[in-house]
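Read through the structures below before going on.
You will see chain A twice below: alongside chain B first, and alongside chain C after that.
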Partner chain A sequence: MSGVGLEVGTLKVTMDEIAADLARDFAGDLEDVRIQEPDTIVARLAREKLKDVARRLKAHEDLAYETLNFVAAVDLGAQLESVYHVYSWRTNTWIELHVPVPRAKAEVDTVTDVWPAADWHEREAWDMMGIRYLGHPDLRRILLKDDFVGHPLRKDYVDLAENHPHV
Partner chain B sequence: MGLSDMVPDRFKVAYPKLQSFRQPNIVTTTADFVFSWARSNSVFPFTYGLACCAIEMMSAGFARWDVARFGMEVFRPTPRQCDLMIVSGTVNEKMAPVLKRLYDQMAEPKWVISMGACATSGGPFYDGYNVVNGVDKVVPVDVYIPGCPPRPEALFQGLLELQGKIAAYSFTPVLPGARPVKEG
Partner chain C sequence: MSDFFLTAEAEPDEAVKLALRRIDEAQAAGQGSDVEGLRLNEVVVNMGPQHPSTHGVLRLVVTLDGELIKDVIPVVGYLHRCKEKLAEKRTYFQYIPILDRTEYVAGMNCEWAYVMTVEKLTGIRPTRRAEFIRVIVGELSRIASHLVAVGTFTADLAPLGTAMAFYTFRDRELILDLLEEVSGGRMMYNYLRFGGVRYDLPSGWVEQCRDVMKRMPKLIDEYASLVDDNAIFLQRTVGKGVISQQDVVDYGITGPNARASGVELDLRRTRPYSVYPELDFEVCTAQHGDVFDRYRVRMDEMRQSVRIIEQCLDMLPRGPVQSGSLRAPYVVTPPPGSCYVGQENPRGEYGTYIVSDGSRYPYRLKYRDPCFCNLQLFPKLLRGNKIADAVSISGSMDLVLGGIDR
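Coming up: the complex of A and B.
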């Protein structure tokens, strides 16, 4: 496995070849693999398989998705979604992993042990969207104050008087 | 011998009152006037930029507008050396206790200017889940400056209003039965 900092795009492949590789090596794990942009592949993933797939994506012989750019969280109404944007230096492409999270039990395994950059991003997703990342080393609020009640970027969030002690 | 003694007599202008200052002399005034005059012309603002209003505050400090003309150019990064807090930007719920603590650390007498719509009322973020609707909920405010953000000229008007307020302030306790002193 190569380290970070190798030449960008040393592996000359087309997006179709990358998509074919993913479909072959991650059959049964990644669903709906499609090329969304000239350099980005989008795939859906069950949350039980997230950590295993993350490890294998990072350690993959050719694709080597080594760098986590950011973790996003989306409220789709019926369910939440935890989205991981991961970059591969070797192919100079991105992969977007969409992990559905049920509203009632908003829990996902952390990927901080695979990509340490996920630490603060998962804290922010917990802070704003209320997705609990199991196994996170320090899952506290990162932007809002510690005694804030609720997760304000959820669509069903109602502003509470407890969050405004000065009024 | 001064410089004026070297000027030929035909260029000299007679200032009878000023002539008397060349001798040891006495000026009578009130303590209130002297202290207020000194304080209002040497305000030390606190470097407390919270949002985009702070960019206008910084502009006001630089050469194009130059707040030094009013004796306020010494922005201090510590509350202990300041007597004016310009709250320039959005105060959120997490920042409010910090702001209160910094205000408490400033030495008396101290003043607060609420700069811009956010600091005055929450502004465009009035309904925000994490925004304090006006810094006057946390600390007492002396002058409010409207605008989003206010131009440096608007900040200057607020600062001049504050100077007038400081100049009118009495530092001496009024004793019972004392007659009010009128400025001559």
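Coming up: the complex of A and C.
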């Protein structure tokens, strides 16, 4: 296995150093970078920059955020949010990327080509929250049935009679 | 009626359509069957959702060429119970019992992950005695869960019929009895509280637990002696369904499935929580990442869990099992914010991501379930194997559909 940091935490760095590295290499991309104790960096990111930044985070020579842990979709009322939780084997730390998605046009680029693990998580976010991941290879519903109407985890979701044909 | 009965004009669902479309695409690209214009050998077969070897309601849409698996499309969601939506209408405290029902084979660990997240959001610290009790019940739960995993897995392979499953399920009751005595429930515990646990250990429980732990290693050796040298078992497991380290990185595989590939990823060590840093135990790994190694890692982990429990019983301090006032665990209002805490569940990293708006109800709760992530690798793992190996590989992944479907 070449190029895969499979020993956990081979690079000993403090969270402050990681935050400084990110501020230097991703100036203008990552906003509001802050440390969530003990081992997570939280940052905000514009959706246009997501794919490019994801690639660079994965390829970063020191930090190497290689494994996507999960994608969570959150309804913040005024807008939606797609949250990516990514693990760096080399530093044994996590980064949490918050990507705002407007309600009216809930679309964001897929990251399945960067982190293959995103596949099902993005399908789930589409299923539950109605965020369309552009370029996803197979964006079908995953937990709900194929002909379900609406996205139930949105706060304005109203339960529809056609979703309960047997009641 | 037509919703319940399959009629001649019934449409195939999206997953089957996708499987058929992929066959057509492969054929158009010249990679299909050897006779032009014919789907010669390729058959689309539904395995599950009621197949006994899928351990729940997993459905696999399998494209077969004779006995060879060409493609697999897992279909999940048959056990979906809207657990994330339910969180919106329940207080943090009221939501604890629902955690037992997500991944019902290791309910205690699931509760633990949720309770740790809320504790981190609110800043509540559990008492020291409670931490030790949590580790003990968590590791007991891990042994019980691995016994189910190993027992059902060998039953699927059938060199011994269901013999081993009977033994493991018999001995799992020893542990479930202990957990029942401590919490009141056999599998649905509702035991952990924010800042502690519900009840202190009943009198005589520690000796009883010590007694079971003394018997456990011998029992584990007994299971191992049943299958470890069995020629049929070895033929069906060694070298089958290999997960490479690259797969672990790409797909976020965690737990025994990752450790069987030689990756020392164990959140009890790499992101230590509770009192694990004070305990002496080994992270069990294996080298090849095949079906047999995944089985062996689980067997080794049970022995390590016994070690952990014995240490905790020795070190168990006196004191209260609940921090703060009596009322404290019932009324919890975390400040606005969000946080994720992962925990080493028997199947891998299990965690909850909670967004709080400062009210008594979670604004958004999202699960990170290890089986959901591990199952993603399935199509890649099964392609090129025989259909019979699909059963052994899925058994070795130790899937619990309650966790996947939530």
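What we mean here is this: the second predicted complex is superposed on the first by the 162 of 167 C-alpha atoms of A that agree within 3 Å, B and C clash if a C-alpha of one lies under 4 Å from a C-alpha of the other, contacts with A are read in each partner's own complex, and residues count from 1 in each chain.
By definition in this document, a contact is a pair of C-beta atoms (placed from the backbone, for glycine too) under 8 Å apart; a residue touches a chain by one contact, two chains touch by 3 or more.
Quick caveat: nothing in here was measured; it's all calculated off a predicted structure.
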item: Chain B versus chain C as contact partner of A:115, first or second or both or neither; value: second
item: Contacts of A:85 with chain B and chain C, given as first, second, both or neither; value: second
item: Partner chain(s) touched by A:52 [first = chain B, second = chain C, both, neither]; value: neither
item: Touched partner set for A:166, first chain B, second chain C, both or neither; value: both
item: Partner chain(s) touched by A:61 [first = chain B, second = chain C, both, neither]; value: neither
item: Partner chain in contact with A:39 - chain B first, chain C second, else both or neither; value: second
item: Partner chain(s) touched by A:17 [first = chain B, second = chain C, both, neither]; value: neither
item: Chain A residues touched by each partner, larger count belonging to chain B or chain C; value: C
item: Chain B versus chain C as contact partner of A:70, first or second or both or neither; value: second
item: Which of chain B and chain C A:145 touches, first, second, both or neither; value: both
item: Set of chain A residues, in rising order, touched by both chain B and chain C; value: 143-145, 152, 165-166
item: Chain A partner contacts - residues on chain B that touch it in the complex; value: 93-94, 96, 127, 129-130, 132-133, 137-138
item: Residue numbers on chain A that touch chain C, as the complex places them; value: 1, 4, 6-9, 36, 39-40, 66-70, 72-75, 83, 85, 87, 89, 92, 94, 96, 115-117, 119-120, 128, 138, 140-146, 152-153, 165-166
item: Interfacial residue positions of chain C with respect to chain A in the complex; value: 3, 13-15, 18, 76-77, 80, 82, 84-85, 244-246, 248-252, 262-265, 270-271, 338-340, 342, 349, 353, 355, 363-364, 366, 368, 372-373, 375-376, 405-406
item: Residue ranges of chain A in contact with chain B within the complex; value: 143-145, 148, 152, 157, 159, 163-167
